[in-house]
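The following pair of complexes shares a single chain, chain A, combined with chain B in the former and chain C in the latter.
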Partner chain A sequence: MTLELRDVCHVYAAGTPLAVEALRGVSLAVEAGEVLGIVGGTGSGKSTLVQHMNWILRPTSGEVLVDGVDAATLNKSELRRRIGLVFQFPESALFAPTVEEDVGFGPQRMKLGEDAVRERVRGSLAMLGVEHLAQRSPFALSGGEKRRVAIAGVLAMEPEVLILDEPTAGLDPATRQDLLSLVRTLSESGVSIVLVSHDLEEVAEVADRICAMEQGCIQALGTPQEVFYKNPANAPATVRVATVLQNSSIGRPVRYADTLAALRTLMEN
Partner chain B sequence: MSFEIAAGEYVGIVGPNGGGKSTLVRLLNGLLVADSGNVWVMGDDPATAPFTVRRRVGMLFQNPENGLVAPFVEDDVAFGLENLGVERLEMRERVVEAIRAVGLEGYERREPHTLSGGEKQRVALAGLLAVQPEILALDEPTSMLDVAGRREVLERLGALRGKKTVLHVTHHLEELFDADRVFVMNNGKLGTDVEPMRLYSDAELLRENRLALPTVLQLALDLGISPAKAQTPEDLAAELRRLAASESGKLP
Partner chain C sequence: MASRSLGQFYPVASLLHGLDPRAKILCVTIFAVGLFLIDTIAGFLLMTLVVGALVATSRIPLAVFLRLLRPVVFIVALTVFFQVLFSREGATLLEWGFIEIHAGGLRLGFLLALRILLLVSVAGLLTATTAPVALTDGIEDLLSSLKKLRFPAHEFAMMMTIALRFIPTLDEEARKIMAAQSARGADFREGGLIRRSRALIPLLVPLTVGAFRRADELAEAMESRGYQGGTGRTRYRELRFHFRDALALAIVMVVLALGILA
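And now, the complex of A and B:
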């Protein structure tokens, strides 16, 4: 699926003295199967931007196009099934008595048969490594487990685009790594991923393209190499080290493994 | 688990989710009570004397939104003092001083909900400082902040080093660069008590406890460079350059 935003503006509390212009003319396409990282400081418009992608927010002006069709004309529940959005702190939306029922809620609403629902629940819990929690109450889990169950609930609807808004905030490093591997696995299977994060290091590891937001506008859009080397002051540590060295032999690495290899070569020569 | 922390120490607490870090912090001021064993905070048991202990232990939590109660910044900072019945004149002085200590002069009449995450967390910190606790217990105080907000809060916490006894729970190991020691907690136990530089250079210990180094320190570890020379990417780059220069100097 191709998802496109054309010149999208969003004003919160429009027409009141409290009006805030959160997006100021954003145009962006999410290509099929890519991992698009969205970075930027607090209040730069990241969350507002992604909430337009499945029509949770409507643009004040501008258009959202799904495979070229105006999202305003599409069936909204079908749209939100195809474009799954995992909010910040999604664990606050867990509600069912057991993990299995919670994750099964979406597929059940899609009127799948009982077996198909069970299959989907098992599959998405397994992808997040929490299948052993199926019979537990979601409220008696640790923070990291709750987060994974909540994400499984969206995956169970088998979205074509998965939007993750700060999915790793507050997770321990190992759980974070697992989640980033899942992002890679899903994208290899053809799902497009939109990953919002203020952790530049993690975005650098998984993103095919980066969209850097600033005050409601796209400040830079391109490959991690293009975006980060254009503004190394606001780049992951790998890019900052390589930039200070300014050594033509190490090139412009972004990912950790590439950077380490380049620095090793430098030290050996 | 058993441990003792001396006055003025800065102690980091790290470990995986579910390892017991937050439980430990909550035992210190009687928010939770130990099933067995004893907790002593400056000679008092938080389970039986919670009010005495809470005046001495200021707690800062992950989400700055949860701690702010008043309509204006200065009222929020004064809230703890009002509960303690501090006299008005003294209250004014303490509020002014606490706001200055976190660098929020000029924000007195701002409404907390209009502030950034980092600013909110500093308001919460000012509210703690106004009560003049000897001990600060910080439970992931930066994990919900962006890069700029984290830097702001860490700068203010750094300035308290030596003046207060600090327990700092975090997943960001680089925040503990200047800590006196670090407790590694896993499975409800105090696994290890180490100096930060030793923790940063012990790959085995890190792996066992599912800890991850920040990128710069990980690069230093993988390249065999001392973590003390890799506090920032710029430091690491300078060290690499120095090494490259001295290597080529040795060549005939």
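And now, the complex of A and C:
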């Protein structure tokens, strides 16, 4: 599935003295099966941008195209099933008595049969490594467990595009790594991923392309190499180190592992 | 942002905004009691004029002020309807089947409508011209004489302040949770009453859980900053009763006396 935003603008509280222009003409396409990283400072419009992708927010002007069709004309619940959105701190929306019921909420709303719902719940809990929590209350879990369960709740709808808004914020390194490998696994199985993050290192790890936002505009869009080496001061540590070593044969790595390999060959020569 | 509703503070500079909150609370209380002592049409017309003049001095645009009154229109209409329909006083004006409309009923209905509208108007003026914090400070100060009777005036005022402070926060939280549940296929707008109230569960449960969490966090934050109740606490803004505040009280009393005698 391809998802395209064309010249999208969004103004909060339009027509009042409190109006805020959050997006100023953003054009962006999410290609089928890619991992698109969205980076940018707080208030740069990242979250506003991704909420347009499944029509939670409507563009003040501009359009959202899903496989070339204007999203305004599509069935919204079908659209939201195909394009899953995990909000920031999604654990604050957990509500059911058990993890199983909470994760089953989405599939149930899709009017699947009881067995199909159970199957989906089991599958998505397993993908997040929390199938043993199925009968627990979501309120009795640890922060990391809650986050995993909340993400499973969206994954259970088997979206074709999965948008994750700061999924690793406030998590321990182990859970963080698990989530990043989940992103890789999903993208290998053909799901497009949009990953919003403050953490440049983690975006560098998994993203095929990066979109850098600034004050509601796209400041840079391209491969991690293109975007990060264009502005090394605002890039992962790897990029900064590599820029310092530019005159050597280290190349243009963005991932930690690539840097290590490059440095190793450098040292062997 | 949040829609303006009954009792929301409207921040402009005016004579009414500048009055001491205690004076305003007392004025409104006296006025409210006075309204029940007036029972002539002339008296009520005078009061309507006075309230109109007050609205003008408050510098709140008339359209905004009328919007404050909108929620009570239904209640007023209902009371007037019953008053007119079931009152059997005075000359009969209309008889149609079991429906009888009497002059006395019309008069009572009219007075009742004005009474409710004027009450809501002055109360609305109070909250529209007084910042919530100033209002609670005023209430605390007025109730503090009851402290001797062990009435927890400070705690009462603090509870009010916190409740008011958290309305916009909870509103924002509710919007976030609604968006998150919509992304999972929840629909808050479709279906009949039962389906709609069932659809609220995924909103209300996390909202309540969040409110308790916030309350806990706030309590801890207050305690860690040394809060231990009202005793010995000083204020950033000291309330001062000026000459103009006394004057306002005097004017209200004189006007009411005129209204009652009219």
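Criterion: the second predicted complex is superposed on the first by the 268 of 269 C-alpha atoms of A that agree within 3 Å, B and C clash if a C-alpha of one lies under 4 Å from a C-alpha of the other, contacts with A are read in each partner's own complex, and residues count from 1 in each chain.
By definition in this document, contacts are C-beta pairs under 8 Å (C-beta built on N, C-alpha and C of every residue); 3 or more make two chains touch, one makes a residue touch a chain.
Please read all numbers here as calculations on a predicted model, not as lab measurements.
Once the two complexes are overlaid on the shared chain, A:L18 sits against chain C while remaining clear of chain B. Using the contact criterion defined above for the overlaid structures, shared-chain residue A:A93 touches chain C, although it does not reach chain B. In the superposed pair of complexes, A:T175 makes contact with chain B only, with no contact to chain C. By the touch criterion stated above, A:L266 is placed in contact with chain B alone, chain C being left untouched. Of the two partner chains placed by the overlay, only chain C lies in contact with A:Q51; chain B stays clear of it. Applying the stated contact rule after C-alpha superposition, one finds that A:M157 touches chain C and leaves chain B untouched.
By the touch criterion stated above, A:F105 is placed in contact with chain C alone, chain B being left untouched. Those residues of chain C that touch chain A in the complex are listed here as 1, 173, 176-177, 179-187, 201-203, 205-206, 209-210.
Chain A contributes residues 41-43, 142-144, 169-177, 198, 200-201, 236-238, 240-241, 244-245, 256, 259-260, 263-264, 266-267 to its touches with chain B in the complex. Those residues of chain A that touch chain C in the shared complex are 13, 16, 18, 51, 54, 56, 77, 80-81, 84-87, 90, 92-96, 105-106, 109-110, 139, 153-154, 157.
Here chain B touches chain A in the complex through residues 16-18, 62, 116-118, 140, 143-149, 171, 210-212, 214-216, 218-219, 222-223, 233-234, 236-238, 240-241, 243-244, 247, going by the rule given at the top.
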